[in-house]
């Protein structure tokens, strides 16, 4: 405001300029990033160095962000547990042994992304440039994975996506990104097939879904699939993800008297929806919900959980095995389903969810490719992943090599679980689809 | 514009610009990413400071303009292959027009009522866009990776986005300074102190407030365009994240409400603290691994509470109060 | 759309409305007495949910007995929270109190996430179903509605018929005048904050008996509470119940005529319009 | 006195109601250029409301206001300010977080002359000197004492270089010495050619200073004219009878 400006200020300004220019040049000379001392997470098992006998030990770092806070916290946390279990398995085995006697010893480096896009790109850049990670795993959720892929792709870093099922992400011509999850387009198609098998007379489907990116995508594909298979979609409506009471919406759905209701979104809304459908005695023959049913806590809603079907990437009950691999004429690799489940239970005192299996599989996949190629050379590993076609505890893995959809998962299949009651009235989670993997026959929904 | 020759302005711009230019000179991508975030937050905090710090209207939902700018630009690039710079400018202007239309009725509200209305506007916009198919509805919009080829590939596009945020941040700071030192700015401060008295003194508050609101919308819209261009995907929840809006106010508060330097300091400190908490190695207490990151929300909340309770004027404001002579220099 | 569906949805909306109203009551009480918008409101509702969960599922108490415990806990927590986070800045500009309460929100949600993660929890209370045909009502919902009515009546009685309640209203009207009349305003402010927090925690507890919840669920009720208090008149606790009922009815009925995901759009647009046209609420006396 | 050609302000049949309360009831008055026009009346007579109507804080329900021949009825206060009407407030309203000088600059910047910041800085310096606040120019206005705040009100109004100055009880709350100083200031302002309308309870001040006095009671005019004539008007004394002290002072003031 004062029109007179002391000369000293001008001198200060010039001095500042000089300092700033100096500051700008200095870091160019001195390297800013300290050598990446891979801080192993506390889960790391016994000291790795003892394992190497003749050859040398190569340390590799696998970097990623996990959602330790925010809305993806639970799913991302389970994914992280799965990955840490893999790491401890590898460490116990003394690392990944190559033919020339070299031992590859992996470690994990991860940061919290807060379930938000804000920092994802910054953290992946930091992982690549400062932490010098060798391989990347995606954050949880398609949105964050997409943001991360823009960074990993430009550095040509190999990234395995898990917890990201979006189709579109993988249709961008990525060269270094590999998807573990069965894409969203197939989340409900199996359920519609199952409906056809179980109840040929069923004609009307209601698709109701949470208005979030993932559920909406799934619902759109389900709508197309159902219509093309001769079903009439009597309700196709989204609800706000924050919805806590579905009473009125259920009245509206019931008025259309659908034979099957499919959709949902996340855990809280899905379980409330299932409970209220039951409380309101809505007689649909089939209820298929995303995300919520596979979780063990789903049965907290009581009898409303019965007959509810959920698509899942993986369940502890799946029947993938070395024998199954032989039958399908595929190579088998890695831990067995029972061992994985038992180890997980021993370590975390809970049944593994498909997120956990996906996390473990991400590590296992890298391990397989390193063993195959006897190297940690990214180019060789990518070439190996491109031609990979195998069965593991997690199921069938095969990636698209088409230029447009490179890296998209084309081998893995969804499984569908259903909550059924055993003779003594306890809830049991059964695999009901695909028929080759089932542990029990699917049951149509009926009210008591 | 006599203020353009004001050395205080140039000291601020030189410091911010000088630091911002470091990653460009050294090619340090990690530093670039960190600074992108800091500069983006500087833009958000400085902009909300214009309407909240200068004019006294607590704009809780100011993030709505960040989201709108992002959406407008994204839409143009996606559907008309508009060049990014043009798309971002259209986004900025578009958001400003929305600000005028919203501002005229809403700025009549005072105090808590205005704050609540801005929350309502942001939520209305978020839920609307989630249902608005041209903007991709709840799925949002995303770039095909090849979009970046027009900017020399993804790698160059990120540098390009960084150059952009540096320019926008410097422009925001300059605008924030020039507004504060101008006659118009004096009018805003008068409105903040006592709107009715200001009116009697010859200030047209309605007009001044709408103009201030428009400024506080324009720069965040540009930042939004840049952020989502870089991010490659835009979704309603990310674009209209109320929490980010509140965080911008926290930064203003940290640094010093109503000052030019305050929001810059506040944004930088806030971002660095968060980053530190997130990337800090976890510690093991009694066999339980406790990441700072798991508690970083709580720690941030605790620090904020201490500041709000004991350093009400924020860092810069505290300096100004503690050392009144600095009032002339610390704007 | 047949009539039974309309009636059924109206009833569902109405019942939900009582719960919404109760959830918003604490927010508006605190605003009315001290002009503070409590941004920790949602977090406190969440606390109520988890308090009920811990008391009833972990300690095995009857859920409704647990609710009574939650009530006392809420009152105590609110008073403590007032003295820690609000008292020092009660006369500061509103941004200060907004951020003070927001920091409490961050602390609650942050610690809550570290302890409970964002996993869903539920308290399964079964009181049966009443009604027949297309119109059925859950027993737990009836209890929640009765509780909402009871609490509103009790609050009204307390504020308008008791000495302390009158003192609180005097403080709300004019703090310095109340001080001159010999009212201990600090105590009244702390008590009001405690009451507001208590109301939020009870509503959280009741919601927990009905729906699945996570540590982040309270935020949704907080945003809804903003809408409700504006409909009912900011600062008017009994108006909140009316505002909640209107919102519940709107949600119940509007859902029938449009995609449910459009309902929030209508809500928020209406919210802004009411603020602009009737800032004292739809039933506010003065415009 | 002056002739009708130099009427600066004409209030014609102005009425103002708040709900059922009639605050102004068909009030008419004319003020001439260069005069000091005193307005008195018991508490609640509608004096401040009259100011509020003149400078546009309220739009009257009926009647009109002419300023220098222009109809300014219902124009917002900032329009009135730009045309040269400045006022002070009965309850001081300093812009507390701004300095004294900045307060004065606000007046200069947005007043009749619509000055640039640089020019208003010069004007503010002059005015602060004039009202005796020059030494406090860098102090936050909120930290001034009450007498200083009153002067600040005055300074802000004067910085606008008004043609018409509305003074709302600028003497209230001042001690005798401060009152005397303020009276000097007011006279000096008049000597500069600024027309002044003042609301005042301090009778001797109004009576000594004013060229003409206007008496409001229950929103209506009950008397108008030279101070001596007004103070002996029985209707005026009757109006103040409810307040014997006031009536006494009224009589004393005229003496």
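Which chain is which? They are A, B, C and D, in the order written, and residues in each are numbered from 1.
Everything below uses one rule, namely that contacts are C-beta pairs under 8 Å (C-beta built on N, C-alpha and C of every residue); 3 or more make two chains touch, one makes a residue touch a chain.
Nothing here was measured: the structure is a model prediction, and the numbers come from that model.
Undergrad: Using C-alpha centres only, name the chain that sits farthest from subunit B.
TA: Result for the farthest chain: D.
Undergrad: Which chain has its C-alpha centre closest to the mean of all protein C-alpha atoms shown?
TA: B
Undergrad: Tally the contacting C-beta pairs at the A-C interface and at the A-B interface, and name the larger one.
TA: Looking at A-C and A-B side by side, A-B shows more C-beta contacts.
Undergrad: Just how far, in Å, is the C-alpha centre of subunit C from the one of subunit A?
TA: 36
Undergrad: Just the number, please: Cα centre separation of subunit A and subunit B in whole Å.
TA: That pair's centroid distance is 33 Å.
Undergrad: Compute the distance, rounded to whole Å, between the mean C-alpha positions of subunit A and subunit D.
TA: Inter-chain centre distance comes to 74 Å.
Undergrad: Taking the mean of the CA coordinates per chain, how far is subunit B from subunit D in Å?
TA: Taking the mean C-alpha position of each chain, the two centres sit 44 Å apart.
Undergrad: Counting only residues that touch at least two other chains, what does the list for subunit A look like?
TA: 1-3, 69, 211, 238, 240
Undergrad: Any chance you could list the residues of subunit C touching two or more other chains?
TA: 110, 113, 223, 259, 261, 264
Undergrad: Mind pulling the subunit D residues that touch 2 or more other chains?
TA: Counting only residues that touch two or more other chains, subunit D contributes 102, 105, 117-118.
Undergrad: For subunit A, which residues count as touching subunit B in their complex?
TA: The touching residues are 1-3, 5, 9-10, 12-13, 16-17, 19-21, 23-25, 27-28, 32-33, 39, 41-43, 68-69, 111-112, 114, 116-119, 121-123, 125-126, 128-130, 143, 146-147, 149-151, 153-155, 168-169, 172-174, 211-213, 216-217, 238, 240.
Undergrad: Would you mind writing out the residues of subunit C in touch with subunit A in their complex?
TA: Those residues of subunit C that touch subunit A are 1-2, 5, 8-9, 12-13, 15-16, 110, 113, 117-122, 124, 126, 129, 134, 136, 138, 207, 210-214, 216-217, 219-221, 223, 251-253, 255-256, 259-261, 263-264.
Undergrad: Quick one: in the complex, what on subunit C touches subunit B?
TA: It comes out as residues 31, 35, 37, 39, 84-85, 88-89, 92-96, 98-100, 102-111, 113-114, 223, 226-227, 230, 234, 259, 261-262, 264-265, 268-269, 271-272, 275-276, 279.
Undergrad: Which bits of subunit B are touching subunit C when the two form their complex?
TA: Contacts found on subunit B: 52, 56, 58, 60, 105-106, 108-109, 111-113, 115-117, 119-121, 123-124, 127-128, 130-131, 138, 246, 249-250, 253, 257, 290, 294-302, 304-305, 308-309, 312.
Undergrad: Write out the stretch or stretches of subunit B touching subunit A in their complex.
TA: By the definition above, subunit B touches subunit A via 2, 5-8, 10-11, 14-15, 17-19, 21-22, 25-26, 28-34, 36-37, 127, 130-131, 137-140, 142, 144-146, 148, 153-155, 158, 181, 230-233, 235, 237-238, 241, 244, 275, 278-279, 281-282, 284, 289, 291, 293-294, 296-297, 328.
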